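Next up, some structures in structure tokens.
In what comes next, chain A is part of two complexes: it sits with chain B in the first one and with chain C in the second one.
Moving on to the complex of A and B:
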């Protein structure tokens, strides 16, 4: 597209404004996390600390924080692995099977992704209570896999229907076992879709708050979002530490996202745009 | 897959169907069951009470407040998020340098965990220490610092603003993808016909991505209506219930007061309200598209 000088200047100005709107809070979070407790950030605040220090990070990385971090890591890693595996199997069945029952079931998958978590949480809570799973990571993993499955299946199915079936047919004629065919042909070809789905599940589970808040009660089992929410009460006024914790909570997902955003963006937009 | 492999297909589906059945569809029915049974912390055995809880909830003035708040919240966030998301997509689809980097940077709020977003903005809104007041005073927009989240008159707007900040990159992403499908030659033809940018937007671009706009609005409508983390961490539904929406009310009633019957009733009502909202939007959208046939 070509632009006259004036429209070009207007667009660039708009882009700068947009970037400032998005990035200023991030910059502020980072800047305050580096401020020594002695340096005030009251109005009129300095945007960048005079004497940046990592001391807030050292203080914020307390034993509780490490426990929450480890819990989040375990819960997210398990949820991503299980959800993507199950979703890939289901998506494969949905994309290759030709039964009418499958169309109906896919409709049920799409419908399920609209269920409000707050509306289904009480029966799930009661089930976990009966199974004696409250305040365990297993309860969170089960809940997270269940609620992320519909979108994961939808993303992967959108990906699998675009793969050429010819390769699979050729291998089937050669007498390859369907399971081998799935493992050696479909899985490698679906890699970009698998990565995109895994990033989606990670983003959702890493920040999930409602289930974690309702199902966990002990410090030993809580995940980062709940732990961070607890910090507000405990260390409310010490914003430097709170911001340092926030940076440490966000950094892993932001890093993963920047490495894999190509896959994620393609995977997420394919379904919605194609409809 | 051949007919012989049919069993394999069901084997692949089995774990998913089991999980979705037990942890999504059964709880959906379970919520309706809960809403018809009374139990409390003191007498935990549920007892069938019919529509009693419904009539109690509907008679409670709180219900009207929650409903009104939920509507303001949902319509506000969805409208602003989609307008801003579309504008951002247009700005970052002009083929100027740095576009790729900017697109990735603008997506950052979308990745930022909800609780972190809320804590960051609590701080941004802080009357004494926050950047919002500091910037507004410096630019002369306000004279005195205000407690945006503590004032029932401004709390909802402040919370909506945060949700839009976090949510608009998602809409932008979908619109950016859609804009790649707009026919360049049609745009050029419109330019040759002397159409300005506004006319090109309404006559070429928007009709071409109409379907995506519909999907995007329905999607954000559902997500926004069911939002919990940002609202809860920012305000806990306060001050004076001015930001209490269905999900925060359900959590508070269910897990704060352990009144499962009331919470489930709010849950069922929230699904009904959401269904009506989505249906209304789709009907209105269909109606306008019939009146204005696509070129």
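Moving on to the complex of A and C:
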């Protein structure tokens, strides 16, 4: 008995260590955001500022930040809505259709998400340019939907294959038209999967930097991750304001994740266990 | 104006040369079956015999590979399930987990656009019929198995469909509840007088519920008839061994000179063709005799007192023969006994095809 107890203690200690390792950068970000300009590089370094101040937040919350925030919000919300809607319809077809062609297509969906962003950014850029969409939010939304869709389809499919087909058969016999059945039976039951997928798409799009930097050039169209770059100048980095902005950028995602994490974890494992 | 329930909706179901294949597997082969209006028909058979497939074809949940399905005289092959005007109770109940009991029961009405007030009245009436009126606001997850079963039933009877389909509706209930629900189902069906197709692998359910039983095995109908007919005159050894609890004893031997011969005994037969044959006798038609007397001899393998009777399993040759005897007639293991078969209660089957051989006393 003592043996298993000791093992457990070791595991817990390991977990605490790992958690500290993962959380330290976040803590450092928060700590630096509260330090006056003289402190970030003071030696000896301090975990917690000697003289905490909110002045970094005041400077960081400039009008541009508000524009970037709004842009991020629009792009992310649109990407989440479009991506989840498309993924739900696709995943339903993939989970219910018995066609061999669908299996092949599903394979291509997996393949599609194996290309790194840096490999596809130039073709996408060219397409956006010919479509005259550069420096618009639409360009970002289209790009984000296309890169998140494969994983979103996979996640939702994991949920949908677990829904008993008998429920849909019962609804069909009760007289429901396929669309009504989808809307009134499948969608409500897939809600945990829909939430998990939405959280995934939100996290990806909210923090995306490369596409945002490449496809937008004016301040009016930029999103938050690119906006953070403003504090990195040619002659120096304003760490205090940068970290204060980072905290404000992370906060919404952390909050969303905090409240919805149980769906998210379920979403990642749903496909793994069955289907 | 809608009339009260039970306006006449003719619902004869005719299946003609119905075929269903799944890839290389033949689930149903050239099935012909007519179900009369108001009849309670039970499809009985072991798993994989095609009984559920038959029901799903009638429901419109599967498409036949060949053949025709007619409901009320009209061909429905190309009509989707939602327009066939039937109700089904699933083995898993298939209650919508995100809806309350009331919403579950009312869903078929809601889909058909029935006004809310009328819907509420009908939901209540259906729920009362299955004694679930007090639980309308619960969700399926908060209900016991028996209660879920009742909700599924209420959802089926809330409308007045032409046809009820029930796919092993009692198989997920415990034995005691199953007996109760069986009786309730029978009453319900009689009151509603709606044509019903009921699928089960439980022969007791089939015997107690059916107006007519259709026994399926290996994608084909083995026999159809009233429970009494099937019990009294099984058409082949499969049916004989499937119906009855415990099932009929089947003893292999040969018929020669008006007698059934077996190494450990035999019985006289009035008239029977010569050759290999299988003798069938129900456990309740076997009585005990002193060792060496009676028609067969064997050794007791097990003796189980069931309360009102004792079930003896006697080893005759390499087979066990079951006998239902009086509660006082228990025997010790390995005790030699004689068995007497009631003349006039014997069944004879062809040794090769297993088909019933008629014309003996």
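The rule is short, and it goes like this: the second predicted complex is superposed on the first by the 246 of 275 C-alpha atoms of A that agree within 3 Å, B and C clash if a C-alpha of one lies under 4 Å from a C-alpha of the other, contacts with A are read in each partner's own complex, and residues count from 1 in each chain.
By definition in this document, contacts are C-beta pairs under 8 Å (C-beta built on N, C-alpha and C of every residue); 3 or more make two chains touch, one makes a residue touch a chain.
In this text, all values refer to a predicted model and were calculated from it rather than measured experimentally.
With chain A as the common reference, the superposed partners chain B and chain C fit together side by side.
In the superposition on chain A, A:225 makes contact with chain B only, while chain C stays out of contact range.
Residue contacts after overlaying the shared chain place A:118 against chain B, while chain C stays out of touching range. In the superposed model, the vertex angle chain B-chain A-chain C (Cα centres) comes to 100 degrees (nearest 10).
Of the two partner chains, neither chain B nor chain C is touched by A:104. Using the contact criterion defined above for the overlaid structures, shared-chain residue A:172 touches chain B and also reaches chain C. Applying the stated contact rule after C-alpha superposition, one finds that A:180 touches chain C and leaves chain B untouched.
When the two structures are aligned on the shared chain, A:87 is found in touch with chain B, with no touch to chain C. Counted by residues of chain A touched, the larger count belongs to B, out of chain B and chain C.
Here the smallest spacing between CA atoms of chain B and those of chain C, following superposition, is 7 Å.
Common to the chain B and chain C interfaces on chain A are residues 172.
Those residues of chain C that touch chain A in the shared complex are 59-61, 80-84, 86-88, 90-92, 94, 96-98, 107-108, 111-112, 155, 165. Against chain C, in their complex, chain A makes its touches with residues 164, 166-167, 169-177, 180, 185, 188-189. Across the complex, chain B is touched by residues 1, 3, 7-8, 11-12, 14-15, 18-19, 21-26, 28-29, 32, 41-45, 86-87, 89-90, 92-94, 96-97, 99, 105, 108-109, 112, 114-127, 142-143, 145-147, 149-150, 153, 172, 178-179, 203, 206-207, 209-210, 213-214, 224-226, 228-229, 232, 239, 242-243, 246, 249-250, 253-254, 257-258, 261, 265, 268-270, 272-273, 275 of chain A. Touching chain A in their complex are the following residues of chain B: 1-2, 5-6, 8-10, 12-13, 15-17, 19-20, 22-28, 30-31, 33-34, 87-88, 91-92, 94-96, 98, 102, 104-109, 111-116, 119-124, 126, 128-129, 131, 133-134, 137-138, 145, 165, 169, 173-174, 176-178, 181, 197, 211-212, 215-216, 219, 222, 225-226, 228-229, 232-233, 246-247, 250-251, 254-255, 260, 263-264, 267-268, 270-271, 274.
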